[in-house]
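What follows is a single structure, and I will ask about it in a moment.
Each chain carries a letter (A, B, C and D) given by its place in the written order, and its residues are counted from 1.
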Amino acid sequence: MSLQSLDITRRSATTTASPGQRQTTEVAKLIDVTKCIGCKACQVACMEWNDTRDDIGENHGVYDNPADLTANSWTVMRYAEVETDRGLEWLIRKDGCMHCAEPGCLKACPAPGAIVQYRNGIVDFQEGNCIGCGYCITGCPFNIPRLSKKDSKVYKCTLCSDRVAVGLEPACVKTCPTGAIVFGSKEDMIRHAEERIVDLKQRGYAKAGLYDPQGVGGTHVMYVLHHADRPEMYCGLPKDPAIGPLVGVWKGAAKPVASLALGMIAVGAFAHYVANGPNEVDEENEKEHKE
Amino acid sequence: MKPDPDKLLRFTTAERINHWLVALFFFLLAGSGLVFFHPFYYPFNQLFGGGTWTRILHPFFGVAILFFFTGMFFRFRKSSVLTPTDWEWLRHAKELARGDHRNLPEAGKLNGGQKLMFWSLVCCMVLLVLSGIVIWRAYFSFLFPVTVVRLAAVIHAAAGVVMIALIMGHIYLAIWTKESIGAMLHGWVRRAWAKQHHPAWFREMTGRDE
Amino acid sequence: MNVTRRRFLKICATGLGSSSVVALGFPVTKAQAEVRAFKLARSSETRNTCPYCSVSCGLIMHSLGDRAKNAESSIFHIEGDPDHPVNRGTLCPKGAGLVDFIHSPNRLKYPEYRAAGSDRWQRISWDEAFARVARWMKDDRDRNFLAKNAAGATVNRWLTTGFLAASASSNEAGYLTHKVIRNLGVLAFDNQARV
Amino acid sequence: MTNHWVDIKNANVIIVMGGNAAEAHPCGFKWVTEAKAHNQATLVVIDPRFTRSASVADLYAPVRTGTDIAFLGGVINYLLSKDRIQHEYVKSYTNASFLVAEGFTFEDGLFSGYDAGGRKYDRSTWAYQMGPDGYALVDETLQHPRCVFQLMKQHFSRYTPEAVSNICGTPRETFLKVCEIIATTSVPDRTLTFLYALGWTQHSTGSQIIRTAAMVQLLLGNIGMAGGGVNALRGHSNIQGLTDLGLLSDLLPGYLTLPREQETDFKAYLDKRSIKPLRPGQMSYWQNYPKFHVSLMKSWYGAAATKENNFCFDWLPKLDKVYDILQVFELMAQGQLNGYFCQGFNPLAAVPNKAKLVKALSKLKYLVVIDPLATETSCFWENHGEYHDVDSAKISTEVLRLPSTCFAEENGSLTNSGRWLQWHYQGARPPGEAKADTEIMAGIFLKIRELYRKEGGPFPDAIANLTWNYQIPAAPSPEELAMEYNGKALEDLTDPKDPTKVILKKGQQLDGFGQLKDDGSTACGCWIYSGAWTEKGNLMARRDNSDPSGLGNTLNWGFAWPANRRVLYNRASCDTTGKPWDPKRKLVYWDGAKWAGADVPDLKPDAAPADGMGPFIMQAEGVGRLFALDKMAEGPFPEHYEPFETPIDTNPLHPKVISNPAARVFRGDADEFGKGQQYPYAATTYRLTEHFHYWTKHTRLSSIMQPEQFVEIGEELAREKGIRGGDKVRVWSHRGSIKAVAVVTKRIRPLKVNGKTVHHVGIPIHWGFKGVARKGYLANVLTPFVGDANTQTPEFKSFLVNLEKA
């Protein structure tokens, strides 16, 4: 584990480089939506492995339960009944952290080391360093992190970093009954997806494709979609996700520049004083009032 | 302090207390806010009991400053109305910075610069409060769509920087203009000082123009 | 270059500003980041079969302790057996949550008795429970056992007590149940094959 | 399952009908996705609802609940009329060529021999024409007007695509597409598998639906093939095992049958069951019945069972009728039962018509519930408000609740749907004082035996002499019991070919049922399980998952009955010369001297193909039955009958015979059936993938995944009724009423049936008044108390309801 702690690509609110000499395999989870039956085994395995338990909620007139991601539900199935040219399709997508190569959450996080990106691609929250500001929620292009009401820390899928660290697949991957979720090196996962896409195209899904959005530098959780041209059909999977321009402004160069500006004001003021001296009452005026 | 016939009362006790309360919370807010602004300032969190405490306290400081600043606003809003003379004053402010006040029109109790500062601060406060509510994660953020939250975060940061810059200027000018800090500390200024810096006010207070 | 006093100060300020930009950032002093400790590192593993549907997925149950005399095993995690030819390590949503079945707050722990007309359970001992059941059964069997039917054929049956067998008990339990129940003469005997 | 889970991957076409494999058996369904991904298989789902299985299917066909025979009958008609059958297979491996007795007729919905008063048939005409040699007559050309093939063709000619569409509500084009996909497997190198579950069995015509599918498979030559078969995906982990072990009213272990009360003569009892071949050279394996039976008696009674006393034949209780669960609750409701035991079974939830069940349980003197969980049945006397409104003070049943262990706390074996026996191990101690089922049964038995010893009583012989030589009498170990049902030699056993050679010494474990004797020299508790624990040890615990053939028959993993065979009827995967129909699926083959291959051959291992021994060795004919003789209650050919509650109130094929004429209906229950006028919607119950029956409402994780009771309705019906998703609705049948949240979905579409629009209402089961999930109504408040004519499986899948916004 101590070695693992050095295999870091990025660390939130840290401007110097992390030790990163080691080159570990870049991993990825591939979710083949076309094989998914929406059984929620992944949801259960996730909670079981991570020792979280959500509330026993209510039925909201749909199969989705829990209805949304929470600090205890790090993954949920989202069900969409969509009419396409093939008739009715029940598009079921496992939602959760995409483990972006350019993570918006990490970019937004003000707490040093509360979010890290390991060299293998996993973006992990270190709740011990989290201050609970929720900036990561603001920064995420996929609306994933959730703030716990209990401890005001933010939680999300860790891609089972603890399992991956010892060479195992994530819990959801292992449990998936139909093999809709697979795990391996990112390279292998892309190859696996390509095989699946050939099969889907043979079955008439002309627009089948891989979802690995480049707007966030690619992701370490990818989807095989029957309709890759319309990801929004899958309960609003963003078509072209990117770290929002506002987040860019907010967390980009603006802040060092603003800091510099403040520094300049201080320095400028000092310089002004040195150059011009204080603004005092004129001697003439003084005299007048002495008398 | 007993009234000194040589001196003029510039700020009442209530005004002074109000000012310093706002100042106090400004420093708390700026210090805690900068923690989230950039990693460079993160160590400031130690002043507030760590990162999490800083996150918890900052918005409550905001609530406090909103309360006191509102008080200030009602105290000074009338005396801060900008007149044509103030604009004229502002046009000559650059000369003043170089120490040359010959062409400066006579300032009242507050000069054009001070008034402008007041309204700038009011603007910043409005922006900070509104955007601050939107990004107050514990109570309000879930009410707004993420794009609004993102916009609010940018506005909050920007307004915060502007406000800090303004206050830095304000502080420097207070230091630069000798004796003005005393005016805010004990309230009294010498007649000469008043005549020098706020001639119109001086006349108004003394009825004299020498 | 004619450096005036003012200009000199400006240069100093710029230099100071830019060098502070370079220094911006929080030094990396604490532990960088660590993943959660792997919770199965030294747990005990037991092979089992999922008790739900008839796919009969292979399970690995992880329990506390290394089976030392002083350690009480308590199962805290269950996952699929990757060697099992049918499930190959996978588990469905029910199987993946088995640990909550084992530790369900509604697991029965003691024999309990409810008297006629009562609205509560009362805890009893196993001896008492066995004695009571045996008494009920024998009294009913003695009274209602049919050795011969109206036609005089030997039928040796007992129709006034019935037995419903389980759907998830082991073959061994099922075999013993059949052996015992049939030899008391019970015919009203069924299992959960249909429902 | 004729085949097994992994074998599904070998299929080319997979039909999920009468079940929802993705929902109920997700981990088994992986072999469907595997077949799709790596065998380019086509998945077709036929269901009233667009299910989770349908979500990954290549084709979905809607069908009205309870009309599966019409659909499959239409498929048979399509295959026969378009001549898309596997001719060689049909000719050699089915009874298509057999001539049927002249008296057999079918008119206006009824077969010959119907007794309307008794609601049953005299089945004597449902027979073959017999030759003077005692064998059935056949016409290999299949042209004889009385041969099964011609009669079948005629019978199913009524099931035209138009008739199917009219009855089932399936669009004609969709139906024909399904037929075409099915027909592609009539060639020798393509197979189809049927995956079904309670969606077929829980109908008043359930057994006949399954038969119809089996007939389709026989016509296509898909039985005995890798990737073929008719596969029952059983619901519970060991319901296969408990059925194998005969825990049913009329069975003994290993599908041996209890004598009826008329059968007082031991020899006649055995002869009737030692079925003689109906064609020359056939194995007719039930001829060995006496060996299985006598060995069971020796296992139970030991030395007390002797040749002289007919191996204690008289000790067995004799049947006057079958006491299935519906019959028993009917008797209980009439006050004819005093005591009842529920071992790991929650009948208050699992048997239809809850109101009747509560009434019945309240009439008992004592109820004993053995369960790991606090079930509704054990608490049937508790008041739980609207969900279970009873007056405890008025219920005088004494109840005893005994805590048992769960899977994790015991050793033992379970038999999966593919007939694999697999051993499991204890991982923790049970909570509190909970005891294993074996200990509880032993505790009860020892106490009763002691009472009989002390006090005497009627017929104590079977109790006193029951073998009980377990090391700890109060806690027989699973290992001892497994060795007992496997069986052992009671004398030295010699090789039949060489009597001087001892193959097993006295006391040694048997290698398999082939060694059983009818002279009392062997003991075996369950003949089909013989071979599970031999002198080699516990074969159920084997863990070698190697699969040299790649067909998925891991012969060294666990033990499969019978004789470790993985695919039943696998002899039929070869042509008459012993060559595999498809060289890529070489399950078994004749190597010139014996049968060899990737599976244990389902035939005498040295029966040369030239000798013509048929592949269906348990049948007297040696072939598969397209004509069922007298084995089915309602006829030798399947016929479409409407559910007892039908939304169209008629049967378009024969309006005078609407529902199954041979189904048993108890007097009071007929009055409780609803009519389409009052209850216009076709309802069906089912389980969700997140849940297991009524158990997982005690499990937090499962409850989180589907926390609250709901019913599913289509968008059109919802619009008509002004219901939006998430609204509370009230659903009621003629028997009771429930309230639940409405899930409004595109996945349930109205169907056009016989000129009428039929809406379905989907009612998931699971919720009740006990557990950690939200409280709900037991869904059997609504369901009718009638069962399949053969198995008495309740008709949970087709009934009528009405509904409104609550």
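FYI, a residue touches a chain if its C-beta (ideal position, glycine included) is under 8 Å from a C-beta of that chain, and two chains touch if they have at least 3 such contacts.
Just so you know, these numbers come straight off a predicted model, no measurement behind them.
Taking the mean of C-alpha positions as each chain's centre, the chain lying farthest from the centre of subunit D is B. By count of C-beta pairs in contact, C-D exceeds the other of the chain pairs C-D and A-C. Distances from each chain's CA mean to the overall CA mean are smallest for chain C. Taking each chain's centre as the mean of its C-alpha atoms, subunit C lies 27 Å from subunit D. With centres set at the average Cα position, the gap from subunit A to subunit C is 33 Å.
Centre-to-centre separation between subunit B and subunit D, using Cα means, comes to 84 Å.
Taking the mean of the C-alpha atoms as each chain's centre, subunit B and subunit C sit 64 Å apart. Residues of subunit A in contact with at least two other chains: 13-15, 39-41, 43-44, 47-48, 112, 177, 179, 256, 259. Shared interface positions of subunit B, defined as residues touching 2 or more other chains, are 38-40, 42.
Counting partners per residue, subunit C has 20, 24-26, 87, 90-97, 99-100 as the residues that reach two or more other chains.
Those residues of subunit D that touch subunit A in the complex are listed here as 22-23, 26-27, 29-30, 32-34, 36-37, 40, 50, 52-56, 58, 60, 689-690, 700-710, 724-727, 741-747, 772-774. Residues of subunit A that touch subunit B in their complex: 13-15, 110-112, 129-135, 137-139, 143, 147, 152, 244, 246-247, 249-250, 254-256, 258-259, 261-262, 265-266, 269, 272-273, 276-282, 285-286, 288-289. For subunit C in complex with subunit D, the touching residues are 44, 46-59, 61, 63, 72-75, 83-88, 90-102, 104-119, 121, 126, 129-138, 140-142, 144-145, 147, 149, 151, 153-195. Residue ranges of subunit A in contact with subunit D, taken from their complex: 34-41, 43-44, 47-48, 53-63, 65-66, 81, 83, 87-90, 92, 177-180, 196, 199, 202-203. The touching residues of subunit A, counted against subunit C in their complex, run 1-2, 4-6, 8, 11, 13-16, 18-19, 39-41, 43-45, 47-49, 112-113, 116, 118, 124, 126, 158, 161-166, 171, 174-177, 179, 256, 259-260, 263-264, 267-268, 270-271, 274-275.
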